[in-house]
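Accompanying notes for the structure given below.
Should a chain be cited, it is by its letter among A, B, C and D, assigned in written order, with residues numbered from 1 in that chain.
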Amino acid sequence: MTAIARTWGRLTLPGKVVFTLVPILAALTVGLIAVIAIFGGAIWDILLANLGIVRFVIAVTIILLVTIPIAFLNIYLEMKVIALMNLRVGPDRVGPWGSLLSVVHGLKVLMKEDFTPTGADAVVFTWAPVVTYGAAVMTVLVLPFAPGLIAQDFNIGLLYFFAVGGMGVVGLLMAGWASFNKYSLLGGLRSAAQIISYEIPLTLSVVGLLILAGTMSLNGIVEQQSGWFTDWFVFRQPLGFLIFFIAATAEGNRTPFDLTEADSEIVAGFATEYSGMRFGFFFFAEYVNVFILSALAVVLFFGGWNAPFPFPAISIPIDLAAIGLPLLFLIALVPPIATLIFAAPFYLMRSSMRWWVALIVGFVLFNVVAGGLVFAWAFVSFDWVAGLVWFLAKTFGFVFVFVWMRGTLPRVRIDQLMGFAWKWLLPAALLNLFVTAAAVVVVGS
Amino acid sequence: MSLIPGFGMVRGMALTLRRFFEPKATIRYPEVKADIPPKFRGRLQLLYDEYGTLKCETCFQCAQACPIECIDMGGMDTKGRFHVHWGPPETYGERREESALRRSGRPVPDPAYTHFEGLDIRALDGILESFDHDPAHMLPILEATQAAYGYLPVAALKHISQVTGAWYATIYGTASFYGHLRFEPPSQAEQAAAMAARRPADADFMAGLGASLAGRPGGDA
Amino acid sequence: MDRALKGRLEARFGAMLAGPIRQRHDETEMRIGPGDVTEVLRALHDEPDFRFEMLSDLAGVDTGDHMQVVYHLWSDSTADWLRVIADGLSREDPRAPSATFLWKGAEWMEREAYDMFGITFEGNRDLRRIYMPPDYTSFPLRKDFLLPDDAARSPGGGVRHMERGHAPASRAEGSDAPDTIRRLGA
Amino acid sequence: MTAPSRTGPQPSADDPRVMLDRDIGVFEPVPPYPPRTEREAEFYTLGDGQMLLNMGPQHPSTHGVLRVVLKLDGEKVVDLDPVLGYLHRGVEKLCENADYHQVISQVDPLEYISSLFCEWSPVIAFEKLLDVDVPRRAEYIRVLSGELNRIASHALFMGWFALDLGGLTPILWSFIERDEIVEMLAALTGQRMLFNYFRIGGVNGDLNHEFMSRLGDWMSRATKQIESNLTLLNQNEIFVRRARGLGVIDTAGALRMCMTGPNLRATGVPFDVRRAHPYSVYPELDFDVPTRTEGDSLARYLLRMEEIKQSIRIIDQCLHQMPDGPIMAKLPRLLRPRPGRAYAAIEGPRGQYSTYAISDGTDQPFRMRIHDPSFIHLQSVGVLMQNNLIADTMAIMASLDPVMGGVDK
């Protein structure tokens, strides 16, 4: 009892809240299951009647849940890649090659004291990270991850993307203003100036692409790039892609345009006064933003979920139902037998290995091989699996490029940043637009 | 800067990518320990010979040379000799403050330093003057000093060393060679009297201690 | 040792010298009174046969009975360091003219000399303490500086401001304000 | 609560009252006492639309515990007021109370990036006081280890400068460079950071096998490695555009600000104490004094990188010309120089370090003045910072390469 009381005493306030909520939620779940069991049929009918809303709610839930691992992965990538470029090892203690370190960071952020500085505007201060994170997450709604794997296929998807993505700056500005700190204020104002300036070339750079594609639906844009990789828009709009990439870097506050949180100048900018999970929200939002901008670059210019070559449509007809009753025997017998088969060489060849260690190794190997087989089967059989794999591979390639740039480049100055946007990027984007329009007119006529 | 704008950045990025695959410079500390150079002199250590006796000759040179005076001669070993005593690193700062205080010419409240302090060196100066500050007359100087003070205080030895230029180790060696020279005040009784004078509450404390012990079985009071 | 420099200096500043020009190793030393500093430095800096354009060092010195300000100058016209000693500043109120009219970089060195010796440089527009806290009253490098005296004299106990600020105080006055605020605001 | 009283005992700038003032609620870096000098009054009087920004002493890029109060107009820095003393330990007073040998370990932590140079000028000054002739082998070892330390310092400068401009990677690469040299010097001197190696009349230990093998290993690839590191920055458009024309000072201005070392040479003055006022065995060695004429941060950076190459040249010559012989002059344990004054200046990686020592015939210096180039260069930040942006404050400060240990003494 005392141990429990001691542990309880050590918990921070969010921890206590979580540990109180968990049993309540468990009880609620039990109740919910009971309700479903009783009124199941009626609920089912209602849901079927409002399929669109149901679909939307499920998509939002999944996206909210998925952004956290994405942010973790991005943070890990950033730590590890920059470390390797710095000629150091980077995270290597928690998990294999330190891959769980960002999870531990997340837990640390949860445990930290969450304070509001004296003089801060408490309401705005509290809501700023939520706005930023919400804006980042909401843009994921229109991203086509794979054929059919899109939360909401708007016909104005791109417009929605830019509109909602631009809302993130409101959060940063709120944070900068409400923190009651001059560094935060400078950071917030810098972010406002920067993002508003770069919205314009960012939007203009894709207008040429829109002329070519003829649609604003991201799914439609991806579908137009199917076939060989030469059909990707990057080969038809190279200047547009360059402008888009630079503007996206600035939009995501990434090096060399990370003036908002320039740690050697204004400490951490808008996040100076934040701690705990509120800071965590800003942190996650930044990395979700990196993912989203990479994903958008892939969707618009690199063919989205399309493979770089016409993927041969192989179908392996496995009709599980046709196997019938032997399927049960297969499911029951294959794992132990395969485990034994994989464990045998280890046990026989290496006399120093204990039998149970060999068994564990065999089991892990079996899982790896079986998982690989299942994945390979899914990859060739379901186009959405293949699409998702291509999409994620390309997207994380772009994330790597962002991290790579961070590991290499110094930061630009605010006047250089603004001058670059207005004097170079904007004219270049306009030029790109006119050339594209003229080409469309000439070729079309 | 190159002619093509942005090419320099691309070269830099190529360099970082190449470094990405190069061997890393990190020493994984708990598993791999950095080797310490043979000349490393980061820690004070007293060495013992194969019979287990201290190799230190108590020459005071280390204490004299230590710039922040964290080394001090103190304590006793099993043969009743001084040995080098040094505190943990945290106490160096305190030592340093004490050192600054003492150098400013004021008494230090720390009892560890009282035997270095409170010495009236006018008599000693007279003695040294009469021997013309000559280190060749060390034994007569030391005898005269003992005659003047009753014993050879450390502060006096240090002063002799500073004025004559002889090494402290030499003086200490000379003084410890001759049996008639002593480093403590002559008798236990006088010393006890001095202790009592310094801490008058001691008698009461001892009486109270004796009374408290008297009631206990096995107590010899 | 540059004998010619000695001759040149004697010829140019003969009346202003407060002592003989000494030379040792690669240093030439001249002593002047504090009133002549401006004129001598300007002459050394500007005149084409001296060209002492670099102020290498500016130091205050407390000799025990008076104060000095020591300038070290470098010129390409000689192989020696020139040491100009402004001698005979009174210990009670040491005053010397500032060298900032020639070398703006002397400002902080003069601030340091003021901080450590209490030498007032007339003409320095920023003669504040530079190392010690602004409420400090002693001049640590003077020969009569004693740490315990200083600790007793300085507001806040001299060395440990923060301890005084956070020390528990008696609440006998019956005020509701926290201790620190009440004591400091009083 | 009442407003802080302006009369009576004046509280210090560290006074908790400033922070506890609930009416303000925020720390304003205005001193709680009336202005004492013309300059202070001018600085703390705010014009229209100006604000004060307190930077440090815990700001990540102030190179130690330096506090700078910036007067801003938007992002533009109108004026700045550095506040020193957070690292002050009164080393001159400590030296006055230590005997001549102990002084060396007292001055060691001044510029902890390049400790050997802090030892060098007092050692020369004391040798002048004592009229000691240093053995030639000891002089060569001093030059050799000193130039190694100069490279270590300049290599680190590259990293700090890039870090203050926002580049993450160079600082770690330059620490790798520095670490190799530091390991080498540790083999020679026994310590990695505060070497305590030079002695009055010589050096503490002779060259040993480990040092020589490490040095040979490093020399064979040093130039290539440093060149390779430099490609990251020297050709980078962002870096060059940011550093060029930043914090420009002309020759006359630099001399007025008493600048020395690479910062002065970047304005076109070939003043190097090693050549202008030779000491040790530098007259026997062949090396160039690189200069540039731009006087901006980029020039200061490139000049330091050029000096690394010159230092490698010097090390090469030292290895080839290293004479045999003793490494210490014969000296008594307790030094009592004749009463006199001595001044010794050397060329460190940051500029001219000098020591002015006065002996009164006892075994402790009567007065020991240490002149540190970081201190001088830091005050010129205010001059260089004419209407630059906040981001440039760090860059300019980094390009002057101050070390707060030396600034605060």
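Convention: contacts are C-beta pairs under 8 Å (C-beta built on N, C-alpha and C of every residue); 3 or more make two chains touch, one makes a residue touch a chain.
Bear in mind that the values here come from a model prediction, so they are computed numbers and not experimental data.
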Most extensive contact between chains (C-beta pair count): C-D
Chain separated most widely from chain B, comparing mean CA positions: A
Length of the line joining the C-alpha centres of chain C and chain D, rounded to whole Å: 21
Rounded Å distance between chain B and chain D, as computed from the means of their C-alpha atoms: 33
Where chain A and chain D are represented by their mean Cα positions, the distance between them in whole Å: 46
Computed distance of Cα centres, chain B from chain A, in Å: 63
Chain D, residues touching no fewer than two other chains: 169, 173, 176, 232-233, 236, 238
Multi-chain contact residues (two or more partners), chain B: 9, 12, 15-16, 19, 25, 100
Residues of chain A whose C-beta touches two or more other chains: 85-88, 407-409
Contact footprint of chain D on chain A as seen in their complex: 82, 85-88, 118-119, 180-183, 186, 190, 255-256, 258-259, 262-267, 406-416
Residue numbers on chain B that touch chain A, as the complex places them: 9, 12-13, 15-17, 19-20, 22, 24-26, 28
Chain C contact footprint on chain D (complex, rising order): 1-2, 4, 9-17, 20, 31, 33, 36-40, 84-85, 88, 90, 92-93, 96, 128, 255-260, 271, 276-277, 340-343, 345, 352, 354, 356, 358, 367, 369, 371, 375-376, 378-380, 383, 408-409
Residues of chain A touching chain B in the complex: 81, 84-89, 92, 404-405, 407-409
Residue numbers on chain D that touch chain A, as the complex places them: 25-26, 51, 53, 59-61, 75, 162-169, 172-173, 176, 232-233, 236, 238-239, 241-242, 389-394
